[in-house]
Amino acid sequence: MSIANKLQTLPKTAIYGILILCTSLPLFFQIPLPNNPDQASKDFFREMMTLDASKPVLLSSDWTNSTRGESKGQMKSVLRMFMRRGQKFVLYSTADPQAPQVALDVIAEVNRERIKKNQEPYKRFEDYVVLGFFPNAEAAINGLANDFKATVKGRKDFPVGKEATDVFQSPVLKDVDSIKDFQMVVVVTASKTSNFTVERVYGKTKLAFAVTGVMGPETKVYYQSKQLVGFVNGLKGAFDIEQLMEKGLNVDSSASFRDDTHPAPVEGFKGDDNVGQGTRYFPTLHFAMALMIIMVILGNVGMVLAKKDSSKKELGGR
Amino acid sequence: MFNLLPIAFWSDPAGSSALTGKIVFGLLLGVGLLFALTKVPTQMRRSIVFGGTFLSGLFYVLFYLWPQPITRGPNDVPRDAVEGVAFWLKDSFSVVVNFTQIISGFMLGLGVYSLLRIHLTRIAKGHKDAFFSFVLLGSMVAMAFFAYGDYILRLDPVKAQELENPDKWGPLTRGRDLLFDGLLQQMDAAMFSIIAFFILSAAYRAFRVRSVEATILLATALLVILSLMGLVADRVDGFFGGLVANDPNDFFENFKLTTLRNFIGDNLQTPSINGITLGTGIGALAMGLRIWLGLEKGSGN
Amino acid sequence: MIESWNVGLLPTLGVGQVYIGGQYLANGWFGIFFTALMAGFILINIRRAKGSKGVYIRRIAGMNAIDEAIGRATEMGKPVLMVPGLSDTVDAIAVQALNIFTYVARVASRFSNPILLCCYNAAVLTLGQELIRDVYQQEGVPDRFDPDSVRFISDRQFAFAAGVSGLIHREQTAATFFMGAFYAESLIFAETANAIGAIQVASSTEATQTPFFIAACDYVLIGDEFYAASAYLTRQPILVGSLAGQDWVKLSVIASIVIGVLSASFAPFMAKRDAAAEPSEPGFLKLWEQDKEELKKYKVTREQKPAEPAAAAPAGGGQ
Amino acid sequence: MSYPFIKALVGVLATVGLYSVLYKENKFYRFFEHVFLGLATGWTIFVLWAEVLKPSWYEKMMGTPSVNGGPATDGQWAYILLLPLGLMAYFVFSKKHNWMSRIPIGIILGLWSGQQVQVWFNTYGPQIKGAMKPILPSAFSSFTVPANASAVDVYPSQALSNLLYIVTLLSVLSYFLFSFEVKNKAIIKFNMLGRYLLMIGFGAIFGSTVMTRFTLLIDRMYFIWIEFFQQQVLGRG
């Protein structure tokens, strides 16, 4: 077989093997990458870091383990920002009955980090409240948006070491009557709940999303129409946020990122644990994507060579 | 009073004997109906199926078309018959909206029956894959058993709270955790991520400069991929950014990868998807009308 | 006495918010008018086509491949695999997919070629059983129908994907048809079938999955070619008429967009001419949007129900 | 062996088992495929009652008593009528009464159809309106939109982009016209353009999906190599 043919018909198993190598080996190394965060990520970061810590935020966690690669990194960064700033928040899910548990696992992880550094862990019920899962996403989001109290009525959460208690007895929900009493609704999602949230909640309070790469294009439409104050898109977004947390925005340092549209400085958490899925996976993603580009090029080179071969033969035969 | 039927007729307090009586009556009514239907002459069958379809569709159409009063308080009484119907439609909506889910829920047994039939036959006949059929049925029973067992434990709020702590798990919760979190969820993630292999081999095979269409597909896809590689985007954008000194009106600004990707996304991808969605939306409307009005032959009617 | 038309936003369900003015739309008449007009176009054309014959339908490449694919399966003596998508319950997408598959099954039954229909949920399974059995009955070979050829696989997305891939591998299907609502798993099916060299005809109503079918399948129906397929295959007057009606609807949408574009384009100039006036949207564009705030101004007082302790609001949402 | 180790181990085995189909279909894959199908159906059987029928059917029908001072809800008996309706589907395997299975299917389809009419304008009206963009530039002080642009004015770059948007949308729409025999060359070309523009859209979707799909694979590899191999087997980190 000629090289041209070989290039065009590489065996699938070989291609798959190389992909496994490309997505495994780089995970063992820390590879620093230059980066320029998307404007949407910068906006997301600034809005999250300038929240008023005394007023609660509503956090929707609508992802499960099957999209862990992108969503977990985003979720972890969001939680780190909340907990380090003492931001009270209320957690709920509408996408999947499993979602609250997955979110609680991430909260536990960040809490372990805090304990290691001798910081006070975030206390359930006092610092954050878990409303749980609401079936029928569209109706539930509509309910939360239009009549928060009635929709949440009867929900219970567990104060540390105590029995289940009505969520409205929690200090977090003390001054909350409607969704307008939340400063912001943050949605970390891998499903359509982001669309429902924009449709129902926009205009009542600020919205910021963290979505998977597949949902990036449709979410961008809302960001451009200024319905979202910022959004984080897939793994790139997760990486952006982790970098922003490390380097800060418009801060007095050469490493800091710049944002000319809002020149006010926003400090990050320099030197703290800011590494997450984004930093770990993003370099690896480069290898995988590069492999894809190389494969496409090889296939085309093979095709062009084969064409040349056959046209030569034709000429020769004449 | 313009209420169609007083609420008191439809609902009774939980646990009351009136409620139980009405439920039993309803059940008997349903069974009677089933029996009556088996006696229906052939020529009437079509009309019965059509009638059911039409009436259920009519609910939503009426809900859409019937004039609704602008505001309504929780204890308002309708002022006339039009408002009476409007109130009734509105009140029934939250009931009707769950019908699809409930009715299809009752049908799950058919799916399970289909599985049992195929796999039990295999086991009985000693088919070469009989072992796998056994595995399938076994894991089905195990999952349902552990999931319900754990669910029943957690119905007790004190116990539920205790189970938040993994050290206190009994065999039921452990089993559920192992089967659901340890296996099912992991397999979901594995199957989801297997797409990465296929996306690579599909791109390798299909992205050839063979025809105009394939070339367009290839070029756009590669451009978007490059723009998502932070390193490449950073270098290319930095290069062109340096040329133009950040004047948005400069010609070279257009060559920044991220600008290009956004431009394609906003002005080509969005409208082409919108165009397709509009088309399928119109198709669905036409299909809906045909089914609702019984014009579609061969399917539901 | 009609105060306003309700343009029913999707369910404002459950919990107490039934009363909030969201779904009462002051200028909602346009939505109803437009929908009714579009529905009218479709019905008029169905009526029109019933009388006449031979309404033109343009060629759809993927459709002609169906016979070829089944033919090849017959030659090889291997089964034809069909998947009517992953709709949550039976909806028009699943029905349309099954309509196309009845055609496939009909051709296959004539050559006594084995078929396999993989269902994602029990409701689709029920309808699939009915329709495919009917086909075999109409063809006069009811005993050739194997109820196990229409089977339930799983109603969990990736379990379904694993199950269907396994079947494709084990049965070595010669022709595969994926039609209906497909999501991320589309590529798993398409590449698996490609790996064993099956001819594939595919279509997803999800625009975001079409590129993957294009990359991996032999023939792809794009967008609403899927809805046109049954009219194309059977030439039933009702379906053909409906297709013509759909085209009228599309033309009305195109016309609306053109008018809207013109009216939006001249708006800035008008605003400049009447510099003093507040800039506002031109009337035609306003028709397409429903002003929800407007309504909250209206208040109607009604007689109050005597306080009934029993009539508690149904609790939705929370459990 | 600790429980977390066993849990991670079965996860890894299952992942490797399912991946093995990439090489070829084999018994290992077949085993995990059947486990997967079984578990999924078992879980559905559980979810059907616990998350569908119980809250939205049984509790609505039976009502719920007051818990910890919360409000009690009344039971609505008529919900029971849905049960025989659902059971009619089971007649599908009967030779004589199989037609009855079409009644519940017909009702589900009827509900679906009615909803199409109900939501059509709300879904597509805004999309149609969104396409009504101005294509005539009205301000020429800058080619692109400056930071201090007025809300009314349309700048040349905007007008161009909008034009492209509308041409794409209209050509795609007209590509999907089926019942008109087009002989006009210009329209044929316009439809062809529609097809090409569609391909650009599809290419862009393909490209942006790649990131998510690869990330999920990387995450799986992280699970196998770091979370399982490095942390559980080697006991590091």
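First chain written, first letter: the chains are A, B, C and D, and each begins at residue 1.
By our rule, contacts are C-beta pairs under 8 Å (C-beta built on N, C-alpha and C of every residue); 3 or more make two chains touch, one makes a residue touch a chain.
Just so it is clear, the structure is predicted and the values come from calculations on it, not from any experiment.
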Max Cα-centre separation from chain A goes to chain C
Per-chain CA centroid nearest to the all-protein CA mean: D
Between the Cα centroids of chain B and chain C the separation in whole angstrom comes to 13
Cα centroid separation, chain B vs chain D, in Å, comes to 8
Take the average of all CA coordinates in chain A, do the same for chain D, and state the distance between these two points in whole angstrom. 19
Listed in rising order, chain A residues that touch 2 or more other chains are 12, 16, 19, 23, 66-69, 135, 139, 153-154, 213-214, 217, 236, 285, 288-289, 292
Interface hub residues of chain D, defined as touching at least two other chains: 18, 21-22, 30, 32-33, 36-37, 39-41, 43-44, 55-56, 60, 64, 71-74, 89, 92, 102, 104-105, 108-109, 112-113, 116-118, 120, 128, 131, 166, 169-170, 173, 176, 198, 202-206, 208-211, 214, 216-217, 219-220
Two or more other chains in contact with one residue: find those residues in chain C. 7-8, 10-11, 13-14, 16, 32, 35, 38-39, 89-90, 92, 95, 122-123, 126-127, 147, 155-156, 158-159, 162, 184, 192, 207-208, 210-212, 214-215, 222-224, 228, 243, 246, 250, 253, 310-311, 314-316, 319
Taking touching chains as linked, do they make an open path (line), a single closed cycle (ring), a hub with spokes (star), an all-linked set (complete), or other? complete
Where on chain A is chain B touching in the complex? 10, 12, 15-16, 19, 23, 33-36, 38, 64-69, 98, 139, 156, 158, 163-164, 213, 217, 220-221, 224, 236, 239, 282, 285-286, 288-293, 295-296, 298-300, 303-304
In the complex, chain C touches chain A at residues 10-17, 20, 22, 158, 184, 195, 208, 315-319
Looking at the complex, which residues from chain A come into contact with chain D? 12-13, 16, 19-20, 23-24, 27-28, 66-70, 97, 135, 153-154, 212-214, 216-217, 234-236, 277, 280-281, 284-285, 288-289, 292
Could you list, by residue number, the parts of chain C that touch chain D in their complex? 7-10, 31-32, 34-35, 38-39, 55-58, 60, 89-92, 95, 122-123, 126-127, 129-130, 133, 147, 153-156, 158-160, 162-163, 165-166, 169-170, 192, 207-208, 210-212, 214-215, 222-225, 228, 231-232, 240, 243-244, 246-247, 250-251, 253-254, 256-258, 260-261, 263-269, 271-272, 279, 284-285, 288-289, 310-312, 314-315, 319
Chain A-facing residues of chain D, complex: 22-23, 47, 51, 55-56, 67, 70-71, 204-205, 208-212, 214-222, 224-226
